[in-house]
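Common to both upcoming complexes is chain A, partnered first by chain B, then by chain C.
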Partner chain A sequence: MASLESLTEDLLVRIYKGLASDADRKSWRLVCRDFHRIDALTRSSLRVLRVEFLRSLLANYPRLDTLDLSVCPRIDDGAVAVLLTSRGSPWAFPRAAASSLSPPGRDPLAWTRGLRKLVLSRSTGLGHHGLEQVIRACAYLESVDVSHCCGFGDREAAALSCGARLREVKMDKCLGVTDVGLAKIAVGCGRLEKVSLKWCMEIGDLGVDLLCNKCVDLKFLDLSYLKVTNDSLQSIGSLPKLEVLALVGCSLIDDTGLQFLGGGCPLLRVIDMSRCNGISSCGLVSVAKGHEGLVQLNASYSLTECSSILLRCFKDLKNLNAIKIDGARVSDSAFKALSNCTSLVEIGLGKCIGATNLGLMRLVSGCVNLRVLDLTCCHSITDAAIFAISDSCRNLTCLKLESCNMITEKSLYYLGSFCLLLEELDLTDCGGINDTGLEYLSNCLELSCLKLALCPTISDKGLGHIASKCRKICEIDLYRCNGIGDDALAALSSGCKKLRRLNLSYCSDVTDRGMEYLGQLEELWDLEMRSLFNVTGVGLMALAAGCKRLADLDMKYCENVDDSGFWALAYYARNLRQINLSHCNISNMGLCMVMSNLTRLQEAKLVHLNKVTVEGFELALRTCWVRIKKVKLLAALRFKLSSDVRETLHSRGCKIRWD
Partner chain B sequence: MATSRKVTLLSSDGESFEVEQSVAVESITIKDSIEEGSAGNPIPVPKVNSKILAKVIEYCKKHVESAKAEDRVDDEDLVAWDADFVKVDQATLFDLIRAANFLNIKSLLDLTCQTVADMIKGKTPEEKRKTFTIRNDFTPEEEEEVRRENQWAFE
Partner chain C sequence: MDLKMDLEERLRAETWGKPSSVNDLPQRVPPDRQTQFPNFASHKNLQKREDQDPSISNYGMRIEPSFSEFNRPSECQPPLPSNPISQDRGVQMNDILQLGKTQEWDPKAMLNNLSFLEQKIHQLQELVHAIVGRRGPVLGRPDELVAQQQQLITADLTSIIIQLISTAGSLLPSVKNSLSSASTPPIRQLGQLGGILNNSGSGIGLDSNLVLPSQGGSKVPDQSNQVDPMDQSAIDNLEDHESKDDEDGDEGENLPPGSFEILQLEKEEILAPHTHFCTICGKGFKRDANLRMHMRGHGDEYKTPAALAKPHKEAGSEMMLIKRYSCPYAGCKRNKDHKKFQPLKTILCVKNHYKRTHCDKSYTCSRCNTKKFSVIADLKTHEKHCGKDKWLCSCGTTFSRKDKLFGHITLFQGHTPAIPFDENKGGLSLQGEHNEDTNKVGNVSFSFGSSTPSSGGVQNIMEDVKGNVDDPSSFFSPLSFEASNFGGFNEFTRSAFDDSEGAFSFLLQASCNYTQKNGGQSSSNNLE
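Entry: the complex of A and B
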């Protein structure tokens, strides 16, 4: 019998696990009750979009280990309280009543025991009370992410410290957390292995020292942009298991601090010290000498020069995989030394003064395993260098050539002939390329991300070549490519069905016809289309109706789009999360419809909406104040908006930027 | 060093297959019963008929052979061979899954299950039901609820 159903449940689970895409798994659970149950019992991770469904989803998915609430609006203390009561509260969430599809007698709080990872990033409405409740309820929680909850401070840190089993805490941009809060976490969560505190500027040496004393199992530590000094590095040096350390933008540390590091952290593999003004080659030498197992070293924009001693050190690092020295002055001897590190897979040489054809040719003669090469703003390189690179590094997957304006179509010929695994190519501002070059490039069938911003010399013809052959394209940047028009979009819509991200800003030849073509791209998720004067409401309607997944839309300066377009947007674009409508001719009614209907909208830029009155803004903001998280408004409105609206937005954790 | 020893496998419909022991022990079930000494000779394989058993033996033979070969080029060839191997009708494919499960041959089980998953990728629920003759047993309300969840509730 050729019946799928006649297979036992564990076999069906195996088949279900072979379905990789979310669309396939959703289609599976619609087939029949057995399949629905298999999905319910096997699915382990959930990203909830709307809070009304949250309770019933948690009740129906008992095997969840990961819950992502970062895009779910209205997560606040009240929502948490409802989630954690063991009795149903139908008046709060109407759909929370037990569905006929879920087996009876299921404990609605079983999910708290299975949960291991909780993502609450950007849940600005949540307070310390709700946070503490959920941390205490999920006793086996190992990982929590509260990044970008900018209002979070020491009380919220104290709430997190209740999670004794926590191994991973991400608190990037929790701007209110100080050493006191960090201390509480250090004391409460002794098993921590991964801690990220980027931009938590109130944290200093004291907090870091305590963290290093109490959490000896730390493997990953990110202190980027913090005002920590060499003292912190001394404390960090004592961590016996540290493998990954990020200190981007830590301007107060210098070579003395790096010496502490050189003598400690025996297992260090990855170190990111980019944008640290105080360090030099000397400090890096002490790090490199102490850690022969180093795999990745990032010193972008920190070094003015790469000393010969440092370069000699690299040779001894047998596992060195990636090195970034963007912004440093390099000489031909530097390239010669680097070419000895044959294990290198990734090299960053952006804005490196002294990067010449000859140097690069030397480099790639040794580093044949290169996959990622960043030559942004290496102005003096020409086609000859690209020939050498393509010929030697056949496994190249990512090449960045922004502002390399001596590159011509010949380089694209070489890439199209030799580097057939190329996935990512950045040709921003490369004035020398043209349509013929794109034709050559179209041989790279693996191409998925192509940046052609500021290339006025390419036209629909060239893009047509790419679109017809490179079926894996997901991202294209055509910012200010004046030669691009509707025909390019026609080509993209038929050839690049996987397109997710597109930038058409200032391609003013694009009209409503082009928008209709875009409407055929079902995967389009992020569209920037600033200043497209020839697009009207008709075009926007076609776009909104077709691109159901659109989440990010920037249509600043699209002044000829009228309300018919915005009504369509409000009706169709249900997945929209971020929108920029600045300088658009939307009316009061249009704005109100957009802000109220689009229930997933979290960020809106609404500057210079000339047809919208103060009352219009008031009404629009009132319809969405429970869920909007970030809004940009004209500064003049600051004193015209009622205090009611401003206070409510503030208390919900919404950030208002006044322009 | 009993690699040249042969064992006999008896299918559910009474046919015997003589195979090298090294091939037979690709099946953990058979391996265990040989090691425990509980297997008679011939080893009965209930639930698996001769047609399917022949295919399973073919699979195991190929994989044992290419594991012996030192040539790394065989890796790609093996993948291609596997892809051809599973180009069978659905009924046979499901029987192979059941057999691989019963005989505990992990690589064959993974291969066949993934093949079925690939077959139903991109298909609508109705197409999935048609392909495998499954009945839609949702009530209209239930189906609507699942659809709504799919569209709005989560990713």
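Entry: the complex of A and C
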């Protein structure tokens, strides 16, 4: 310890800044008081899991500029009001207060002055009063995220508009926001640079036009899935600084609108026009011709035909590094033209009709710098194409080969031999691969995401090869891999300690033993284990007790898990955020325990629970109604539940999906 | 264009000048008066021609004062102070025209008309004789003159025909024996006749149209003597307006020459609730259409389609002069005494302006209980939109349409849309849209309905004030309308044009019908 003490604070800060992951920082904090203090003084962003500690945490971190409350349930007007009062809070438990390192007498609201970014995503409990209070209190706020607050409307938008310094507003899926709300923001926050309005279905041309008129500094604009027309594009065309534009699923725009874009927005770099049914190659040509600096172009599922004129245009875009033309009909000659775009790093050709071996060979002969290649559902490609790709593009990091049925273990051999940087591989529904192939593939030591769903030919052995060598794997998909059993999980649990996401659905051979192995994966965060008949309460208990970080659990059709498992779940899985218990044998009591004890639970799917009565649902919902944000229930319950419960849930911003 | 105008003017001059045959008048007209009427744009050209032909020049010059009498009774006096006869005439003419409505038909007038016709035919006879006599000796005469003389004769003949018809028209049973109907509507009949002739392509149509103004004038001297003594009492109730108009006329001298004529209604008249009165029971109505419906109850003669038909507007009745209105409220910008006087265009404008600006707002919206109006139509318009789908700006301005609000917000820095208090906005806006649609229909029908009373009101008041001073030529065919439009009446409203076109499609019967209605109404108005 003496040597540690000799380190100056300055040096400690330097070391601390070298820490990469949250887990490492957590370990650092726990070393000693000094280290904790360094953490407190240096830390700039905070993601709070429980509102109870929020106040003391805010007091402890004076340098905080980013506050993320998106995973924190029970953020509502009351919580905000308490948070912003200068007096003591009812939640400030004595112990937490004692551990506070802030000097006594410090302004408890000091954090509001430092805060620049606030994430309130999914804070459905928050109303416009609370939002306005927060925005007004944090006078220097520059970025706010209220995405997925489905209940937010114009009043909440008006509250946001109080933040005159805001540069970034993300309000995806604020379903109630209309043009009026957007106008409020546009007028109130004239400095806006980034605005995301994805799924704000009520916003139309008028609002967008006004936004473009009032916020001329816009650099990023996301209008995906909005009912905007060419008029909006005309307004957008007048934005002098726009760099990124997303228009996914804007089916009302067409080539005429794209001409406005072609003539305007001189700094446009990234444009996403996927799933715009109204556009054609012609419109894209006008965009491409107007913007030589274009870096990314996404036109997936928008084009039926990829004309040669368009492809020739791409050649002139010297900076173009990503292009997605999924779903378009392409010819071999088109690939030839595309191969001239040597700057390309990413190509999306999913479901492209006409993507053949020959075409791909031509393509990769030119585009040797490819890192990401999406060949989803290019059914006709074979090992020959994969050979050409892996031979030419040695830097490949992501390859998607879903439903490429013709490829065999040879492809994996090529990949394992040449593409050693491969990080993500999607082999979903590739019936031709086997354990030998996986053995070849295990040479790709960087692999972090492997999707092997619907590959019934692979077994524990193959996965064992992967698990033993690919230590960096954090996501693996084994959906309906019937050959997978407990041994594979044993291998994973010992080899892939970083595994965060796992899909084991319909791997019916997995038993309680496998679950016990999974319990050793501390990082496991998202587990889908539908229809595992051989897993019982014992298995679930082992899982819940071991996987402390588990946040998302889908155990639909796990019919043999009994209440003992659910009790354990309710007791251990304190970080659970989403749960699917549909078709489970859970009792009234079990459900009630799960719903009341899991204080971070935000989303629950509770259909076809045969052992749960109406009273059980009623009680369970009452126990969690202050924090639950989304719940799926049988439609039959709609009229059986008391109006009290329904209304309270509704007023708290909880969305009930009636199945 | 100028040539056409020229021709028209000349023909008028000829037809006008010949029967009256006053040759020494031009000398008495001060030269500056002649240039005072830019409406007669071809005036100077006319003069040039006159140099060539002194006989015609006389008529041409003669027309100036007489027209001024005709169109601007207020201005007719100053220009001819040295000529008592002409002044007399001007006044008389006004009186007659006033009397047109007020006086019952009497056989004396008829007799007078007939004798005048006789005289006129004699004059024409003489003229033809003279031409015949001149034929031989005067060889050097240009053919042009001969042609003009022929035209002159044709014109005079037409004038006689018109006079005959108008005289006969006064005998029609449906006509309420009013002199005005004797003078104007039959003219219109003929005018339509002329229009028809025009349409059929005959050259005489033009002449017949152009002749008509002269007809009114030529009738004046003969009738004046009789009418003069009795008219004073009849126009007593209109006296103040007449005097006002005179004042206006004096002031009008300061205005841009010939631009418009200013009328000013009194407060009481502006605020009078009813403008249409039943001649039988005296019940008042705001709309002529309602009065016509009411009249059905008074007998079968009012039930004929002709009686119920909407009297066509006097399309282009203001053709020869643009009327503008002054607000009687002193100090108002719309008052003619104001330095930056901005006249009002129609009587309805006067009414609405006066009520909106100088009256209490006595109508309160029953929905919001805050908005007040002095014009009930404003209240109705407001009530249709009040509370429903109202697009409100932070500055308090409301808009019926969202895009208008957004345009406003785009324009003004710092303005934002105000958010309504009701939460269930989605459903409401949907409903609002639906309502908007139905409102539109309502509005349309409303405005359509209101157009009747407004025009009716205008017409009535105009009759009260001005009598039938309006140039009868306005009743005529599109050609005459066009021709007089050349005179610079570009301000003539489009709707009037449309109406006038509609009027042409009517035949004689329709115009008779109008006569009847108009005569009845106006007389009843005067009785009130």
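The working rule: the second predicted complex is superposed on the first by the 644 of 659 C-alpha atoms of A that agree within 3 Å, B and C clash if a C-alpha of one lies under 4 Å from a C-alpha of the other, contacts with A are read in each partner's own complex, and residues count from 1 in each chain.
By definition in this document, a residue touches a chain if its C-beta (ideal position, glycine included) is under 8 Å from a C-beta of that chain, and two chains touch if they have at least 3 such contacts.
The model shown is predicted, which means the values in this text are computed figures rather than measured ones.
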First (chain B), second (chain C), both or neither touched by A:46: first
First (chain B), second (chain C), both or neither touched by A:213: second
Which superposed partner A:14 touches (first chain B, second chain C, both, neither): first
Which of chain B and chain C A:643 touches, first, second, both or neither: neither
First, second, both or neither for A:155, with chain B first and chain C second: second
Which of chain B and chain C A:610 touches, first, second, both or neither: neither
Chain A: partner with more touched residues, chain B or chain C: B
Chain B versus chain C as contact partner of A:178, first or second or both or neither: second
First, second, both or neither for A:22, with chain B first and chain C second: first
Contact residues common to both interfaces of chain A (with chain B and with chain C): none
Chain B-facing residues of chain A, complex: 1-8, 10-11, 14-19, 21-24, 26-33, 35-36, 46-50, 53, 57, 99-101, 574
Chain C - residues contacting chain A, complex: 402-403, 406, 409-410, 414-417, 419, 423, 425-426
Touch list for chain B against partner chain A, complex: 89-91, 94, 97-98, 101, 109-110, 113-114, 116-118, 120-125, 128-129, 131-139, 141-143, 145-147, 149-150, 152-155
Residues of chain A that touch chain C when the two form their complex: 153-155, 158, 161, 176, 178-181, 183-184, 187-188, 202, 206-207, 209-210, 213-214
